[in-house]
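Take a look at the structures below.
Next come two complexes built around chain A: one with chain B, the other with chain C.
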Partner chain A sequence: MRTLTAVVTVALLSASPALAVDLTFWHYWDGTNGQALQKLIDQYQKAHPGVNIKAEFVPGGELQTKLQTAITGHRTPSMAIADLTNMPALVRSGALVPLDPYMAKSKVNLGDYFQGPLVYGKYQGGQYSLPVSASNLALFYNKDLFRQAGLDPNKPPRTWEELEQVAKTIQAKTGKQGFELFTQGGEGTSWQWQVFLWGAGGDVLNKQNTAAAFNSPAGVKALQYWVDLVNKDKVSNVAPWGQFGRGDAAMVMDGSWMTQFFPEQIDFELGSAPFPSPKGMPPATNMGGEQVFIFKGDPATQQAAWDFINWFSSTPVQIQWDRMTGFMPVKKSVANAPSYRNWVKNTRPLLQPFVDSMAFAHPRPPVPEYAQLSDRLAQAIQEAVTGRAKPADALNRAAQDVNRLLK
Partner chain B sequence: MHASRPLPLSRSPRRAREARSWPTALLFLLPAIVILGTFNVYPALYSLYLSFFEWNGFTPNRDWVGGGNYAQLVTSPEFWNSLKVTALYAGGVTLASLALGLLVAVLLNQPIRGRTFYRVLYFLPVITPTVAAGVVWKYLFDPTQGAVNNLLGSIGIHGPNWLVDPKWALLAVIIVGVWKRVGFNVVVYLAALQGVPRAYYEAAQIDGATPWQQLRYVTVPLLAPTTFFLVITSLIEAFQVFDLVYVMTAGGPLGATDVFGFYLYREGFKYSQLGFASAIAYVMFALIFLATVVQFRFTRGGQDA
Partner chain C sequence: MRRLRWTTLLTHVVLLFGAFLAAMPFLWVITTSLKPNGALYQPPLLLPTHFEWENYRKAWEAAPFPRFFLNSAVMTVALTVLQTLLSAMAGYAFARLRFPGRNLLFFIVLGTLMIPFPVTLIPNFLTVNALGWVDTYQALIIPRAVSAFAIFLFRQFFLSIPKELEEAARIDGASPFTIFWRIVLPLSTPVLAASAIFSFLFAWNDFLWPLIVTNSTEMRTVQVGLATFQGQYGIFWTLLCAATVIVTLPALLAFLAAQRRFIEGITSTGLKE
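Up next, the complex of A and B:
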């Protein structure tokens, strides 16, 4: 009897609550992505019996508000993800744990990350979040329309000049719209146009992110290009989004996630390519994605959260993750891994140009005022495209407002 | 005051009874007080308090700016644009839905076949969720694929670029607002029409009044209290429109449909300027309050007109 008691005691002690850690993880990954996350969590918990991770799904539009409430009410989860553009407000909230000491101890190589997304976690010299998923923009084109216009369906345009020419040819030969642009305003217009701005050699803000830089000659050139596409060549039009998906436009700039969704909704042969830039200029694109971060709590919870994030961010797990979700890699070692490259080649060939584009994907300015800045910029673009203002005037006025905003 | 003096007898037995019943009354009122206090009164007052601060909802400390948010508001071109857009929307929806509502109610008050069916038909939009209706209307207004322009095309009119053209977007949203509101006005007018004595019409007919004259000189004046009620409720409702704009245009293009409700949402929840958004909310409250007071005075509470 005594031995039995001893055994039970030992057993109980070894499973003592001091060792078990409960973690909560707020995210907005739904459908396949949510299932992929749960699968990885299950995998992690099997290998780490003391850790209990509860993934809580919050709809995308509500997560930021929920985090806001949680921070103000001091009821934060152990860790969470957020959209890139929401990170600047989060890192400034004072509620996040700087990851630098953990990264140093775990010997994390930040150099392996694509540099674009990393900037969102930086604040006052510290790193507060890490990228865990990415998406970016490239060119989709309708191979059937290329053929109908007598063009080589395997030769998508590489430069702005070619894009313009191809669009004109297809429009003349087939009567379909040459190139669909997002002209409805807001972030949709703004983030597409930024690709043209970077392509022309410009930038949204100055290096210190303290003043507007989009009203530079490069900015005027990029906006004039849009104005010409719409008003001179008339290959793009001001109309509701969706012409390309219906087969009514030959080319469009859209996101890596559409390599999954377009094939479900279209009845033509689809091609993809890195987005063209002006002749002689390096290519550029914009990107989206999520970052993961830890909230301040007791040291054991913080450590356990980091251990999970560190595992989640490791190259083999990220390869699994990206293959399950179709997200773009955030690390070069993932993008270059044979197992990942073969998966893209064999199951999602349309994704290859997007994977290649990660190397030159620019971050949108990591400032808390981004949402306002983006709307104001989109307004200037709309003013120019609808002929209400000259590109330079529209951009200069927007720059004045943005400078006031950043002060 | 001497301790030995009896209490003044001003407290009648009735008042004493009332005083005793106070705790009971309070007990019954408590749930309502707690719920309304927590979810209506407290947030409303807290929002007033917030309107004097600059705060993004994240940082632990807020910066006191006094009337700064209000000053910034009245000097902002977006505010004046939003005020104009809201007034146009509220005025447009109210006028059109009232006129149409009265017309339809008078028609449905006639002994026509399938009257109940039509009544249900007109009321359907009222109970249709706004977001669902907005999404469907967005498709209907598509310049090339939409039913609206196809219909216009069939009678030889080249329809506009509705929701993406700053000149037409607000009209499109107003049309949907009217579509959504008319049914309610019809039902209220129908009820009011039942209360108009037949004798008035008979008298008018004997005097040789045409149907139009009967409508103009009998129906409309007798329905005035109802009309005023509908004007007030419609204006208040239209002033607060948000979901329709959120779904159909997101305030665009170029601010053409940037109604107050959407302006507030954008500043508060997209730009995280909670103090500034609270100031917008209070200006909006003041305007609706003012409109109500003016109308109340004007109509003496809708008692007569």
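Up next, the complex of A and C:
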């Protein structure tokens, strides 16, 4: 009997590596990012011969539609990524596997992660997704225009007051727009303004994410600052996006990914810096990025998917990933690793302020109603900037609508 | 005489202006496809001063376009043939055959034209999924093998064919199918061409359904390939426009080849879309 058990055990053990596991992984990483993912998958498969991972690319804007159809039709892939703002709807779908037991077994240290992006995977006490890439906003500036205005191109503004001053000086000396704001509405306006809101010490929603909080004195201060930039100082204008890229504006708030795109598009010297905050206030920024999660399936597939995610999320692999893609680190151990820091310093110096900003990057409220909320908020911002309403009134009205939305 | 010339001139100026407005987006796509990335926003807007042919090579290599073209071709040819043939048969039945519930059925078919496509997306996907067709040509073709719009187009046209022709054939002993196939269809080339072109353009430009029912790169179509250039972190305008030109060419050629038929078909059925 004992020998039989032993034989069976040996047979099972030796059989298990040969048991092929097929995994599908839906993502929207295009171009070099997609190639980087494939490179890592190849690397993983070489080390784990039994695992076959098929990465399936779905164009950016359509991934969420496809995920939702797949969930309704019970035709989900083994694992997928999604933009973090789509995570609240996904974790509530009931189709995702809670990662906590896997994380406990693999001794994952959540404390090593930047805390901001983690909130998107949390639901009813469980963790359903992990951040795998991040991006955030900081200040880009045109060093040539700084020089033309007689300013030190290595001294970007550090506070709101300096930003205003620098913008005025440049505008007076060069005739170019001082600071470009995204005034075209929608999420573009909303997510830029949130940086000012957090900078002024406010927040979008209350702690429990059940009611609007952006109509606080801090919110009014942030919106008044925008109104003044446009209407009093006239250093910003209501115009289609893209003035900075054409060299018609001296400063702009834009994302970490633009450290890759701007150099291909512009013909002036580019600088970057953490985004200014009001004097005496801690800095703040907004962030984006992707989260990875596992769909419910048979235990062997779930386990194999987790094993890959766990490997993908490990610090050495994440360093490779961030260096290949230019994504912001999601873990402190990556941001602080000498091999990563040296790479930034030597090959992508423009990225440094963004890496430093990860520590104070705030998450947008992780609620499924975020898209509508953001639209309504952007509307209020536009009303104030175009002088159709006082900042406090515009924000209060938006808050009423948002509260109704969250009920 | 003098006055006539003035009005002709004026008409031509107005028409030229209208033609320019209609052609302007195409011109913009073509010139943008030939601009270097950095010059995207620089004037001149329409006439390129420098031709960046490299964009076309880059766009072609950015996604497996040969495979996408094959898939789009298979789907487009199949849909064009099936939609035209099956819709013509249905249209003939609604126009000429007498059977109980004919009008009700026809109104139901017309009614489906009023349901927006996204509403049927998930039920259709569930059906295709239950049949095990996800990621196959069947999924791309079968659910759209008949078009309510084409049925309507054919029915209206068939009603305009003199009944006497068919009655003569009937007296000679022809079956309804023979009448349809040998008498009615040969008389219907304008509407056949119109329906075929509608089907062709619909299939070639279709995006959402192919995206939803295919997963692997091997089954994707050209329109899904185009979406590759609209990344999460920015749109690659120059490459997107180059790829758009490549992908639009077959549809443009098909339209030019059948343009006369197309206009005949539309005018003879009294339809405009």
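Just so it is clear, the second predicted complex is superposed on the first by the 389 of 407 C-alpha atoms of A that agree within 3 Å, B and C clash if a C-alpha of one lies under 4 Å from a C-alpha of the other, contacts with A are read in each partner's own complex, and residues count from 1 in each chain.
Methods note: a contact is a pair of C-beta atoms (placed from the backbone, for glycine too) under 8 Å apart; a residue touches a chain by one contact, two chains touch by 3 or more.
Everything quoted here is computed from the prediction, not taken from an experiment.
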item: Contacts of A:62 with chain B and chain C, given as first, second, both or neither; value: second
item: Chain B versus chain C as contact partner of A:90, first or second or both or neither; value: first
item: Which superposed partner A:203 touches (first chain B, second chain C, both, neither); value: neither
item: Touched partner set for A:186, first chain B, second chain C, both or neither; value: first
item: Which superposed partner A:240 touches (first chain B, second chain C, both, neither); value: first
item: Partner chain in contact with A:371 - chain B first, chain C second, else both or neither; value: first
item: First (chain B), second (chain C), both or neither touched by A:382; value: first
item: Chain B versus chain C as contact partner of A:322, first or second or both or neither; value: neither
item: Contacts of A:75 with chain B and chain C, given as first, second, both or neither; value: second
item: Overlap of chain C and chain B interfaces on chain A (superposed complexes); value: 65, 72, 246
item: Chain A contact footprint on chain B (complex, rising order); value: 56-60, 138, 142-145, 161, 163-166, 250, 252-255, 266, 269-272
item: Complex contact set, residues of chain A against chain B; value: 65, 68, 71-72, 89-90, 92-95, 183-186, 238-240, 246, 248, 368-369, 371-372, 375, 379, 382-383, 386, 388
item: Chain A to chain C touching residues, read off their complex; value: 24, 26, 28-31, 54, 56-62, 65-66, 69, 72-75, 77, 83, 135, 242, 245-246, 255, 257-258, 261, 264-267
item: Complex contact set, residues of chain C against chain A; value: 37-38, 40-42, 62, 121-122, 125-126, 129, 134, 208, 211-212, 215-217, 224, 227-234
